[in-house]
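Shared between the two complexes below is subunit A, which pairs with subunit B and subunit C, respectively.
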Partner chain A sequence: MHKIYTFLKYTFITLWTVFIVAPFLWAISTSFKDFQSVNSKVTYIPWLDFEPTLEGWRVLVKSPARGGVDIVEPYFNSIFVTCTASLISIILGTLAAYALSRFTFKAGFVRNNDITFFFISQRIMPPIVLSIPFFIFLSTIGLLDSLLGLVVVYIVLLMPIAVWIMVDFFNRVPKELDETALIDGCNPYQAFYKVVLPNSIPGLIVAGMFCIIFGWIDFFFAFILTFTEVQLLPVKVVALNSSITPWWSLSASALISVAPLIIVAFVVERYLSKGNLSGALK
Partner chain B sequence: MNLIGKNITYKPDNQFHLKDVSFDFKKGNLYTILGRTLSGKTTFLKTIAGLLTPDTGELSFEDKDFRKIPVWERNVAMVYQQFINYPHLNVYENIIFPLKQRKLSEEQIKIDVEGALKTVGLVGFENRKIQELSGGQQQRVALARSLAKKAKILLLDEPLVNLDYKLREQLREEFKRIFSEGLSQDTILIYSTTDPQEVMELNGEVIVLDEGKVLQKGAAKEIFENPKNLKVAEISNDPPMNILKGIKSSNELNFENISINLPTYFKNLEDQNYYFGIRASEIKLDNKGEEFEIELAEISGSETLLHLKRGDSKIIALIEEVMNFKIHEKVKVKFNENKFYAFNNNEELVSSPYGVLNG
Partner chain C sequence: MNFKHKFIFLFPGLFVLIGILIFPIIFTIRLSLSGWNSYTPEMNFIGITNYIRLFTDDPRFWESFFRLSFLSVTTVILQYVIGFSLALMVWREIKFKRFFRVIFLIPMMTTPVIMTVIWRTFFHESLGPVNDLLGNIGVKPILWLSDPVIAKFTVIIVEVWQWTPFMFLLLLAGLLSLPKEPFLAAAIDGASPFRKFVYVTFPLMAPISIGAIIIRLIEASKIMDTVFVLTSGGPGTATETSSFYIYIKGLREFQMGYAATLSFTYLVIMIISLTIIAKVLTKLMIKE
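Entry: the complex of A and B
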């Protein structure tokens, strides 16, 4: 019985791994092909099936004037927008979450849970509903087609995630910890940054990771709120797909755009599994 | 110069957590707050610490209005029943935390911390992480942090309740030593607990709290000998004092068709209905005694608690050895007739084997 279970378990895991990894291998293989190797017949293994070339990768860093597609600038644009928006979202979101977790707010019929729901409700709406208001808003304040405008919009998208995760985290930090800090001579601000914050690193990392992922993969707002001045990576990658699809450079750019997320996932996984974060608080 | 509370009431959402609580705590004394869970003990301590603001009433310390001083400026220390330490700091850093907050000199901090570590028996554990310590050790760290601070008011909120039986016994012993040698004459120590045995052993001034009200104040011995009413008698004994509804006549007590010779000190009572109280330890197994049915037998440590039933009355007897009993079996028990308490129909104490103090 136990053996059958183990067998089934590993079979399932193997199939799932193949299902996940195969497209990556396919993309890696494709990124080293040229027009001939993609279009003539089905080929898999470099050197054996086809002659590998770095052309697909080289195009990505060449300037358009020299026949390249230059994804370097969109790449750094994406990094700047994602990191800035994530950082601001985490700072504001953590402060908001702490207040919502520890203090009681009353304004008419509005209570803490209503405020928390207000934040989360921003994510319940389909993004398309927000597209026209955002467009008008950014065009009114003159931030359409600019990095700053995108940062503003992404904060709106990412802060609810930070608030949601951090409220849940703070609710599990015993209130007695803050109280002990107060009794030990901290004023409420000191209690927050000397005691609560250092013990919230696991929550901050998880919230930060989610913000980065959601910010990095957004295509919709990056697409409708930018035109010519700035471009973010997802839009640029899709734009590669013209009348003749350059599968080789498309694969290469797809691979380097998921690379940061893979690194984030591995680092966090390592960090969490070391155990120095999980279980810091009972 | 004392810590004085006058008619303190705390009622969030119109539910009384504290109702008209008054007290006068003197420096160098130990006060124990005895009450069941949810009786308002923690609220009481948090009010003194300043974590909660009472709705009405006055609170003053050293002739200053304590209500106007925020928590972080009151010189208090508190140990919670949950083992609360700073998880991101090691043992040493935990203990110096309040001292650094008060900006004491390095040398002073060193002396204070070493003293505190010695008192709680954690020398050599300075660099351990909090998560590596056992529950008892974590609670020692919390206690050391409170002691090192040399606060003028030290609050301990059921500090032993989350520890296992053996450790509790051991720490309770140590507490007595720590309180007698580790504290200055300037400190007011307030200790809350649900455990009457702790109260008796610590032997301080007792405040019996129930549903946010003070039921009785007095020395531990006084509470033991003269519980003011039925509630206090129940709260201040573990297992709770057995209460039997019965009648007193000229030469005997009657309850559940059992007759007991009248204790001499009951002579002056009127012949009428009373609640008779007797401690579980004053009921013994005896073949010549009265027959009861066993409802439950609990073995705790080296003792057996027998839950017995006869008619409408349920009592608990404490047998000082481990014995096996079958449920629904009949046993015979004898009451120690010189240890009966009598409470009148208003549930107030009218006679005790030790004599009633306030008439």
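Entry: the complex of A and C
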């Protein structure tokens, strides 16, 4: 009985791992192919099935004028927008989460939980519902097709995540901590800044990771709200997909676009295994 | 604690969020009562004409909505079952535990649209590896992207690949936070692994499961990116979801007024149905 169970377990894990890794292996292999090895028949293993070339990777750094795919600028745009929006969301979200976790709010029928729910419920909003008004709103104030406009929109996407994770995190930081600090003569801001915040680093990192993930993987808003001046990475790669770009440079640019966030998987796992995520994600 | 401090903490975030959102919402409601399109791009007032059109004369929207419900419910159920199994498997000591945990997390870190670009080549009907490998064992080429029924399953496969890790993450975090005592008690009673799961693990995990399912349902109800790149809603309208249909109406055909009507209706339906689902799940999964 026990043996069968173990066998099934490892079979399942192996199959799932293969399923997860398969598209990556395929993309890596494709990125080294040339016309012949993509279009004649399906090939898999370099040297054995086909002769690898570096062409797919070389075009990434060439300028468009010389037949390259200009991916460097979208790359930095994406990094800039994601990091700025995440940072602002984390700062505002953490402050709000602290207030919601420590103080009582009462206004009519509205209580703390209702305010927290208001923040988190913004995730329910389908992007398409917001995109049309945002389109008109940003063009009125002249921020359409600009990095700043995207940052503003991304704050709406990311702040709910920051509030969600930080409220739960602060609820687990003992109240006595701030109370002691207040008795010792700190004002509430000092208590927050000097005592609570340093004890919340794991929560902040987890919230930051999630903001970065959900900022980095967004496609729809970037697609609707930017055209030519500013391009983000996902939009750029999808644009390549619909043009005549050969599979090898498509695969190479896709791989290079998803690579940085894979590091995040390691960080998240570290915090998960240490048990820091458990409370934060409830 | 002093009265005013708490507002200084709360208000920046709250007002930034309300400030950014209030305009779009009011604007959408107002726009939905107008006939704004590419011929008359202005905010006139035509009453509830758009709503009448939606409820009496637009089967395509309702079809896309039921398709979306089917896709999101199916993917979330699959994600929950697979994610929970995976979480249970790497919860306790196994070989290479941390390695598997990282691997299982990776897909959610990758940009859906970009991975879908790769999936498109992966499922390519003549040059992709899936049909080639299946061909080697004698299976006829499957029309992954151009058959109306199979295309739905292709979307489901890609969605499950992409988002099972999120479910896995939430559930594993939950498992790791469970108290030890009930498991010790079950071990002393000599309960089999199956009974342990049914009577100890699952009931303890019920609240976390509900949370995870609701979060995933919220995100899955927005399925759009994958469909956009993988099939563009096709073949025909076979994989068109509500968001995608609204996108076509609003930003391709420029029937802004009508698209706003669709958006607002869609949002209201989403809020109502998610609330009901949350209530029902709580009833079903938490006994006592």
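We take it that the second predicted complex is superposed on the first by the 263 of 282 C-alpha atoms of A that agree within 3 Å, B and C clash if a C-alpha of one lies under 4 Å from a C-alpha of the other, contacts with A are read in each partner's own complex, and residues count from 1 in each chain.
Assume a residue touches a chain if its C-beta (ideal position, glycine included) is under 8 Å from a C-beta of that chain, and two chains touch if they have at least 3 such contacts.
Note that this is a predicted model, so its numbers are computed, not measured.
With both complexes brought onto subunit A, simultaneous placement of subunit B and subunit C is permitted, the two fitting side by side without a clash. On the chain A superposition, the C-alpha centres give an angle at subunit A of 90° between subunit B and subunit C, rounded to a multiple of 10.
Contact with subunit B, but none with subunit C, is seen for A:P198 once the two complexes are overlaid on the shared chain. By the document's definition of touching, of the two partners only subunit C reaches A:Y5; subunit B does not. When both complexes are overlaid on chain A, the residue A:I183 reaches subunit B alone and has no touch with subunit C.
Contact with neither subunit B nor subunit C is seen for A:E229 once the two complexes are overlaid on the shared chain. When both complexes are overlaid on chain A, the residue A:P174 reaches subunit B alone and has no touch with subunit C.
Which of subunit B and subunit C touches more residues of subunit A: that partner is C.
Using the contact criterion defined above for the overlaid structures, shared-chain residue A:V264 touches subunit C, although it does not reach subunit B. With chain A fitted onto itself, subunit B and subunit C come no nearer than 7 Å, counting C-alpha atoms only. Overlap of the subunit B and subunit C interfaces on subunit A comprises residues 279-281. Note for the complex: subunit C touches subunit A at residues 1-2, 5-7, 9-10, 12-14, 16-17, 20-21, 23-25, 27-28, 31, 82, 85-86, 89-90, 94, 98, 100-115, 117-122, 127-129, 132, 161, 169-170, 172-174, 176-177, 193, 208, 211, 218-219, 221-222, 224-225, 228-229, 242-243, 246-247, 250-251, 256, 259-260, 263-264, 266-267, 270-271, 274. Residues 174, 176-177, 179-187, 190, 195, 198-199, 279-281 of subunit A touch subunit B in their complex. Against subunit C, the residues of subunit A that register as touching in their complex are 5, 9, 12-13, 16-17, 19-23, 26-27, 30, 38-39, 41-42, 44, 92-93, 95-96, 98-100, 102-103, 105, 115, 119, 121-137, 152-153, 155-156, 159, 163, 188-189, 192, 213, 216-217, 219-220, 224, 233-234, 237-238, 240-241, 247, 250-251, 254, 257-258, 261-262, 264-266, 268-269, 272-273, 275, 277-282.
Listed in rising order, the residues of subunit B touching subunit A in the complex are 46, 49-51, 70-73, 76-78, 80, 82, 84, 86-88, 97-98, 101-102, 131, 145, 149.
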